[in-house]
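In structure tokens below, several structures.
Consider the two complexes below, in which chain A is the common component and chain B and chain C are the respective partners.
Moving on to the complex of A and B:
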């Protein structure tokens, strides 16, 4: 039982780390970035290429992931999403085109990684960091698991504090509520959009590197699978809420762990996504979702 | 190994459209102006090779292409087909069933193509097979292990189904006095599911061990912490990990980290360098395979030496199977003495009836499906090894 709790906490932290950046961009500037999974993967991939040449400690690898993720994400914003937003006839079309643009950018990053790795898994086996497992008698816990859980809690807390208490965070939330009014109040939407995309990409990069350390290796396609889980966690928790993303990730992880432990495992997605569907029937905005007010 | 495209619904649509087109093109059949209907061999026999050169299973396509290129080089250098040259037209299916079906339709329509070397993915192969069979175009597949790939006498496969040589795992476990086992299989993959749900339980009956648990994981599963804990707590003597290449190193690592110290048995997806990231953690893992570069067969040794000389690396099973596929096709063409698709099919049937020695050793056929003895491969922490049965 204790081991199952540890496992669920780790899995929930994995989902949260991945979902955090995606949730930030979606909940504030309204960009649902389908390239998030590929940015996550590509940051780990670039880190792998560097670690292969020079044995680096984990903190340096995480820093590389953060920088690579932030740079790619800003490039995606400036080269793809901004031009789409400028040219789209209306907000709804812009949203749809951003979805397609994100998928396109994801495809480019994926193709590069697949080409180089030939779809063989890659990791950081040359890194100086070594996994240690602590056997406490009733549970087994590794140092990477501790890092993952602590990192997820810290980063979620930091993101929540930023949005709630900092001046730029409040401006971002204002954009999330009403972009036009926020602009009239002097909020520089473009600058903040680039900043939030940098933060979102940086979080994806950190998640990519930490997850690669935890799993031992990932493949070029790994980001796609996490994208679906993160999407579910965000929708379940409520778009725009960091706490919601955390609770959504935790629920998803707990349900999956219970299904895995109690059944043969084939029903994991069916049961967990079925429960999410039922919950959304009762509460369509998600657990912590804002009530949308439309004025005519 | 069977691989699945996520765009299966698109594949069905593509197959539907392709069957319609194939139906129309098949009405004409080979004409007197075709290369295929000329008596004897033309100066060039053109083959379309549809491989996954990009996408999720690019590792299979790129390695297979290396094997094919080596075989074609040997065939042409040896003048195996007399003055006639074998020419390969490589097409990238990009791991897409629609793309594969579209390329096959193109080959069917263009009478300059004598045959197809098919893709590794079952999803793509099942999109190609019905139209190729209906149109009378020989296709030789590697991998593509699911039902619906071999649909008639024009469709051949030179990768033996894993269950046909998987008894090697049973023999190995018996030699290790294994009494209990757990199974973890990828439930989204038909080949792996069949191995997990039918082949392993049958082995258990035959070799005297009990399957304590049998769990499926999602096709895209990334984390096996809960599965690993569950298995490690049950402490079976052996674990069958029947997963895809990217899943293998993660599952092995997490099992070991959870304190599991028993035998770990996989399948061919453990090869092709997929355990490299697990390193020493995966030392001792074994898997029955249709090919090992360390095999002592004369024909295998010759292939490995030639491959190393050409590419400077050790071949994997994808390269070996594709090499055998190309040689099988060349033998069929030689036997036919013609580039006619119908004659090539008859030639392939004759070669299949007698079998031949290839990179995978002695190869026989059950209908249009190959059978090999197989070997038990293993990982020593750094490299793949050949595991003698009964070794400790």
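Moving on to the complex of A and C:
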């Protein structure tokens, strides 16, 4: 039982790190980034390539993941999403095009990683970091799990503070409510969009590297599965809310763990989709979501 | 010709199946309903056709028809359930619906064959029959893009409130979109299952959602012709890209991204724009064309890029 709680906490923290950036980008600048899963995977992949050449300690690897994720995310924003938003005639068409643009970018990243790794799972076996499992009698706890939970709490707290208390965070929330008026009030939309995408990609990169340490190795295709879980977490908690993403990720992880323990395990995937579906029916804006301000 | 036909039979069959699949997403999209339930219906149709053929040895069209009926009922019930949702939220809910069906198929025991799926659904379905069905569907959809029906659908998409105020039953039209989408998707799935004689849970998943969406956006989302262009391109592209060898999938992704970014109205839109520019250059009727387009589309603002296809020639000949 206690072991299940620990595992659920680790899983929930990974979901949170991954979903947070996606949720913030969607809630503020209105971009649902389908390339997020690939950015997550590709950061871990680049990190794997570097660690293969030089034995690096874990903090450096996590930092590499953060930087790579942020850089790719900004590239996707500048190369794909910005031109789409500039050219699109109306909001609904822009949404669709952004989905497909993200899919295309995700395809490129996935294809590169698959080609280089020949679709064999990759990991950080050359890193100087060694997994330690502490046996506390009633539970077994590894140092990776501690790092994951701490990192998720720290980064989510930081993101929450940024949005709530800083001037740029206020500007970002203003864009989320009404981009035109925000621009008139002197908010630089372009710069802030790049900033939020960098933060979002950085979080994905950290999540990717930590997941690889946790599981030992990941496959190039693991991004897509995470993308769908992140939707569930975001929809559960409410788009654009840090607390919502945290609660959504926690609920998802706990319910998945319960289903995994109680049944044969083949129904686990239905949990996230079922939760999305139920939540959208009962309360489409999520637990913490504000009433949606729809632009016409 | 005949040799070429035999050598590429599977690709030709896939083209028509993908066309129906793309249309099952494109039809609701024309009404502003962002639903991926057509992909789930594809799964329903594929499994229903395979089960009917293997267990009860029904003839091909009866088996496909059974799947279509089930999918239409499922589509109607889903439409009732998700009637409050709109935009991306509706898209997510319908993706969730599709993926739940996949998990159900994996856990379906001997009825759905679990993770391995079903084998040996051998039937008499001919490629010619598939093409015939597609032709009928395309003619019906092309008719729905013209005249009263076409204008109604455009009104529902561009401005639902306005559509209600002029007496269009928007809610009924949206439900109809789900039912038609279910029928088209199930037809595609049933035919694919019988042509390939197998179906497995892997056939219906997130990648199929992505493929169908890509086909429509790259081809052009306003007309059946866009879905046709998309399905031809994405069925044959992997074959063509074999020339670039290892980098095939990378080039594929780049093409998708570039089209989404720089060709917002899809290839169909590019073709239509080019056609209009040609007409405009050849005669002094440019003003008439613009006027006709502007007055037909309630949403005005996007008119210069995406005119309703049939209005252009009419305006030009005036």
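Heads up, the rule we're going with is that the second predicted complex is superposed on the first by the 287 of 296 C-alpha atoms of A that agree within 3 Å, B and C clash if a C-alpha of one lies under 4 Å from a C-alpha of the other, contacts with A are read in each partner's own complex, and residues count from 1 in each chain.
Note that in this section contacts are C-beta pairs under 8 Å (C-beta built on N, C-alpha and C of every residue); 3 or more make two chains touch, one makes a residue touch a chain.
Because the structure is a prediction, the values reported are computed rather than measured.
Contact with chain C, but none with chain B, is seen for A:32 once the two complexes are overlaid on the shared chain.
Look at A:257: by the touch rule set out above, it reaches chain B but stays clear of chain C.
When the shared chain is aligned, chain B comes close enough to touch A:215, but chain C does not. Using the contact criterion defined above for the overlaid structures, shared-chain residue A:178 touches neither chain B nor chain C, since it reaches no partner.
Shared-chain residue A:269: touches chain B and chain C both.
Legend: residue contacts after superposition of the two complexes on their common chain; A:97 is shown touching chain C, with no touch to chain B. When the shared chain is aligned, chain B comes close enough to touch A:122, but chain C does not. When the shared chain is aligned, chain B comes close enough to touch A:135, but chain C does not. Contacts of A:111 after superposition on the shared chain: both chain B and chain C are touched. In the superposition on chain A, the residues of chain A touched by chain B in one structure and by chain C in the other are 111, 114-115, 224, 228, 266, 269. Taken in their complex, chain B has these residues touching chain A: 54-59, 62-63, 187, 214-218, 220-223, 225-227, 229-230, 233, 245-246, 248-250, 253-254, 257-259, 272-274, 276-279, 281. On the chain A side of its complex with chain C, the touching residues are 32, 79-80, 83-84, 87-90, 92-93, 95-97, 99-101, 103-112, 114-115, 224, 228, 231, 235, 266-267, 269-270, 273-274, 276-277, 280-281, 284. Touching chain B in their complex are the following residues of chain A: 3-4, 7-8, 10-11, 14, 111, 114-115, 118-123, 125, 131, 133, 135, 140, 142, 214-222, 224-226, 228, 256-257, 260-261, 264-266, 268-269. Within the complex, the chain C residues that touch chain A are 32, 34, 81-82, 84-85, 87-89, 92-93, 95-97, 99-100, 102-104, 106-107, 206-207, 210, 213-214, 217-218, 221, 246-250, 252-262, 264, 299, 301-302, 305-306.
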